[in-house]
Amino acid sequence: MAEVILKNICKIYDGGVLAVNNVNLHIRDREFMVLVGPSGCGKSTTLRMVAGLEEITSGQIKIGERVINDVPPKDRDIAMVFQNYALYPHMTVYDNMAFGLKLRKFKKADIDKRVREAADILGIHEYLHRRPKALSGGQRQRVAVGRAIVRKPEAFLFDEPLSNLDAKMRVQMRAEISKLHTQLETTMIYVTHDQIEAMTMGDRICVMKDGLIQQVDDPLTLYDNPANAFVAGFIGTPPMNFFRGMIIARDGKLVFHEETMEIPLLDEWKEKLEPYIDKKIIFGARPEDIGSEQAEKEPNSPKIKAQIEVAEPMGSETYLYLSTGTQSFIARVEAHKKARVGDKIELSIYLPKAHIFDSNTEKLIV
Amino acid sequence: MTKISKKDFKDIVAGIGFLLPNICGFLAFIAGPLIISLAMAFTNWNLELHNVFKTEPIKFVGFGNFIKLLTEPDFFRYLGNTLFFMMGIPFGIGGSLCSALLLSKNFRGGSRRVWGMVIVTVMLIVSLGALVITGLGGTAMTMLICGLVGVILLSGSIGGQTIYRTLFYFPYFTAGVATFILWKKLYSPDTGPINNALKPLLNFAGPRLAAIPPWGAHLCSGILILLLAAIFIYAAWRKFLLWRDGESGTLSLLIGLVVLSTPVIFSCFWSQFKSVSFLFPALLIMVGIFIVYALLSGREHQCPLDRGMANAIVICGAAMIFIFILLGLSNVVYVLPQLASDGLEPPQWIADYYWAKPSLMLMGFWGAIGSNNMLLYLAGLSGVSQELYEAADIDGASPFQRFWHVTWPQLANVTFFILVMSVIGGLQGGFEMARTMTQGGPAGATTTLSYYIYTEGFATGRLGYASAVAWTLFALIFAVTAFNWKFGNRYTNE
Amino acid sequence: MFKKYGTFSKVAKLLSLNIALALIAATLVLPFTWMILASVKTLEEIGLDSWLPRIFQWNNYADVFNVKGIMFGRWYWNSIFVASWVTFLQVFTSSLAAFSFSRLKWKGRDKVFLMYLGTMMLPGLVMMIPNYQNMIRFGLINTYPGLILPAAFSAFGTFLMRQFMMNIPHSLDEAAEIDGASKWELYWNVILPLSRPAIVTLTIFSFMGNYNSMFWPLVMMKSPDKYTLPIGMLAFDSSQGQQTNLLMAAVAMSVIPMILIFVLMQKQLVKGIMLGGVKG
């Protein structure tokens, strides 16, 4: 059980590609930290540097009190679960789990005890003497986790462990890994490109893009207060709607102005928005804050007119794909709201939950 | 040079560590001997002059060995033999392609059991019919062969492709001293089964052939020559079209022409085929007209000189071999009635100067039909997308067109690979056959370069000279490989 | 009965296809048929038209072992002994090299591999003469090590094994590394067991190749008790060549191991040929 500290970590590949750019991350003891981002954002590279599979170009990684930059992976006291499971096909499940212990010269009885313990936790007792080939994807994944558990490492590393599973299995394993975390009380670092996984599993989430950390926060903070437009757009489905336009001052009030729409903005924002008057900004509103009951109830909610292009009834709610003529956006509305494709409708926006971002830096303004 | 970090160094040590046994072996048995052999090629090291009794110092003779090799007729003669044997390569490749094509077909139809029954029925009818035709109680031989075919049919219909593949592959994977000895016995002029079978046939054919009037033989011979000319013109024309459309460079066009012309040039200066020397001026005129026509009509697209080189060599080479065969046939046909007038004798096969090479080539063909090449072709065929065939069917392609426009282009990669490997192998080949069956004879007719190196190096002990021959052979192989590197990819991508 | 399988023309097509295949196969097997039949004839019957013997002389096979000056059993043993050793060493050295070329990352690896492949192109003939002289110098003439060692390294084998090892997922290496395996343990416990198909293929190739090899044993082995089968067969042919029936029995027996191997290992072999034939 230990904390993992990444200090000014950089990774430059042989070709000169900067994969990880000055990453600082403090993963607390027993924390479930999820690294999330689009592919190529450097999240896997970061994890592999922690594991010792990639060399660290510059910076320092500490596990507990030890600096482990030059420690070989086997001595780092970590275990890793791979995307394609990486089970040894020629060994039985039991041998797969025992292999790491055997190499570390554990006593036979000790190995047996640990393997059986892990098998109990994961419910893979019956398969112990099968080869990985004879197992389903979910079972293989469990074995891969089991191989990590038996070692009782200081930190678990997961590299997109669920992406080879089908959708249903993924949901199930998601819960199981979360359960495992509470059970084992160990530091876990989990890499994924799936923001739902990140949201549902992580104690904290670290969003990365182009080798840079965008934001590190717990899931709800991340959702409610994204640090920038990228995080706002990346977290949540359907993604946040962005409207590009300008802020203009009219009658002492600030108004978001765009060719086809105008949204009067809240007075509390005035101070922060003052410098952006007559400048380009991005107005962001999540689909559930457009046309929702809450928004409709609020009498001062600004309204936008738009035409329905596609309506996707999901059962519990309906997604409307709308267009104002210059801007397209998505609204998540009540399931039984009457909506036909081609209709022009008026929707309110719930302003307190909307965000405004700087158009150049994409940073959050309010 | 990038600097080598501490970790890189560790990695290199680990990498080399695993290679250590190989590096030792490489140095001891390849690199070392290679250098020694290169040095030897420039010395007069001869075991007759330099042995325990005579300790004359070994002298450095510069390029002496190579000059000797290039000026004395032996080397070229044996090189010629080697190349002659290599003319069997296209036939071998063709044979393995055919067998692969046959094997890749679904020849079992539907369920096994019913097919087995159909085949057993047919087998019984056929063998009964054979017995009736030969008069009941006919020779045991008929029964033997019918039985053999029947057993194969039956096991084939039960075991399917695997059985046939195994049987086809049989001659290849057993090839070695043992099967060479077997063939030596098969070819035995007096007691061998081949001549035993041929004798009655020849006795039957002899008088009838002798009865052919000379003009008939001349006519046949003339038809063959015309056929030969047709192939020549067709191949040249194809090449010209490619050249005109910018698919083939000038240089490769000229080389193609040279390759096409070799059989005629060769035979006009080779004592055996002097009778066709009238073809030489005809050839000159034809090539002349062709070049003039090409120059007059000009090209529509320009392209680099060497473009389409591999294509030129492959297409013209194949045509060349057919021309060679037609040339030989027309000669034989020309004199056949004369020969037959004294009754036809079966050939002496490997004991005969002129038959020895074709005999060995025939044996090679036997082994080549079901060789590794067949397996490679089978793999290649299974890799051809079924959709291509379906598209061709919808376009209304005949079976032949399907082969020519779908299968063959898809197999171009495999074919080229096989061809290059066969050529490299062919240049080094022939030693085992020669040593086992003919001792390089009669009169050196079957001595290939590899057997020559063996006799020079290990029998006569002229080590320096043998090394020089080996290095010359190496240079030839290197040239083929370099050709493959330079043009191979382009050919297969075309 | 035909109805189930389509029209008459379809059946005719299938039949003709089958018959064509059977005829080709029969032609190819015919020499072997003659070989077997000749091996059970008496010497007098050999030259006769009929292929069938009057009485099957199966004792010809036993007689092969009793011909004076022909140590057939001994040669058989020598061949298998030498081929087994060569095969073992080749598999060992090739797998080591292939491991280094495919699973380890080191500077200059691919250049070294290309060079190594280049040696595949070298005609063995060039090295034969100096190798022979070296063997004389080190007193290895007419010894088993002299026969085995030069054949113990195979560029082809390395190529084959490397092609195979390249397809083993790389994450296994990483998993093993985290499990605490050293490079040797990775080779021995993970990669080598997983390369079994390639090892089997190489085993067949190199065994058959060496069982059949002729040039090197021919120059190396001077005394009859050290002969391998091919050389022995040559000696048999040149000294007792008139005894065609015994010779054919010997030929038949000498191809038996190859046939056995092929029939038993056919699948692996075919796969291996594909693997080696695909240009890398």
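Each chain carries a letter (A, B and C) given by its place in the written order, and its residues are counted from 1.
Basically, a contact is a pair of C-beta atoms (placed from the backbone, for glycine too) under 8 Å apart; a residue touches a chain by one contact, two chains touch by 3 or more.
As the structure is a computational prediction, the values presented were derived from the model and not from experiment.
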item: Chain at the geometric heart of the assembly (C-alpha centres); value: C
item: Furthest chain, CA centroid comparison against subunit C; value: A
item: Whole-Å gap between the CA centroids of subunit A and subunit C; value: 57
item: Chain centre separation (subunit B, subunit C; CA means) in Å; value: 22
item: Approximate Å spacing (C-alpha centroids) for the pair subunit A, subunit B; value: 64
item: Parts of subunit C lying in touch with subunit B, wherever the complex brings them together; value: 1, 4-6, 10-11, 14-15, 17-26, 28-35, 38, 46-52, 92-94, 96-97, 99-100, 104-109, 112, 116, 119, 121-134, 149-150, 152-153, 158, 183, 187, 208, 211-212, 214-215, 218-219, 229-231, 233-234, 237, 244, 247-248, 250-251, 254-255, 258-259, 262-263, 266, 270, 273-274, 277, 279
item: Residue ranges of subunit A touching subunit C (in the complex, touch as defined); value: 51-53, 72-75, 78-80, 82-84, 86-90, 99-100, 103-104, 147, 151
item: In the complex with subunit A, residue positions of subunit C that touch it; value: 169, 171-172, 174-181, 185, 189-190, 193-194, 196
item: Complex interface listing, subunit B residues touching subunit C; value: 4, 8, 11-12, 14-19, 21-22, 25-26, 28-30, 32-34, 36-37, 40, 99, 102-103, 105, 107-110, 114-115, 117-119, 122, 139-141, 144-145, 148-149, 152-153, 156-157, 162, 164-171, 173-179, 181-186, 190-191, 193, 196, 366, 369-370, 372, 375-376, 379, 414, 417, 424, 427-428, 431-432, 435-436, 450, 453-454, 457-458, 463, 466-467, 470-471, 473-474, 477-478, 481
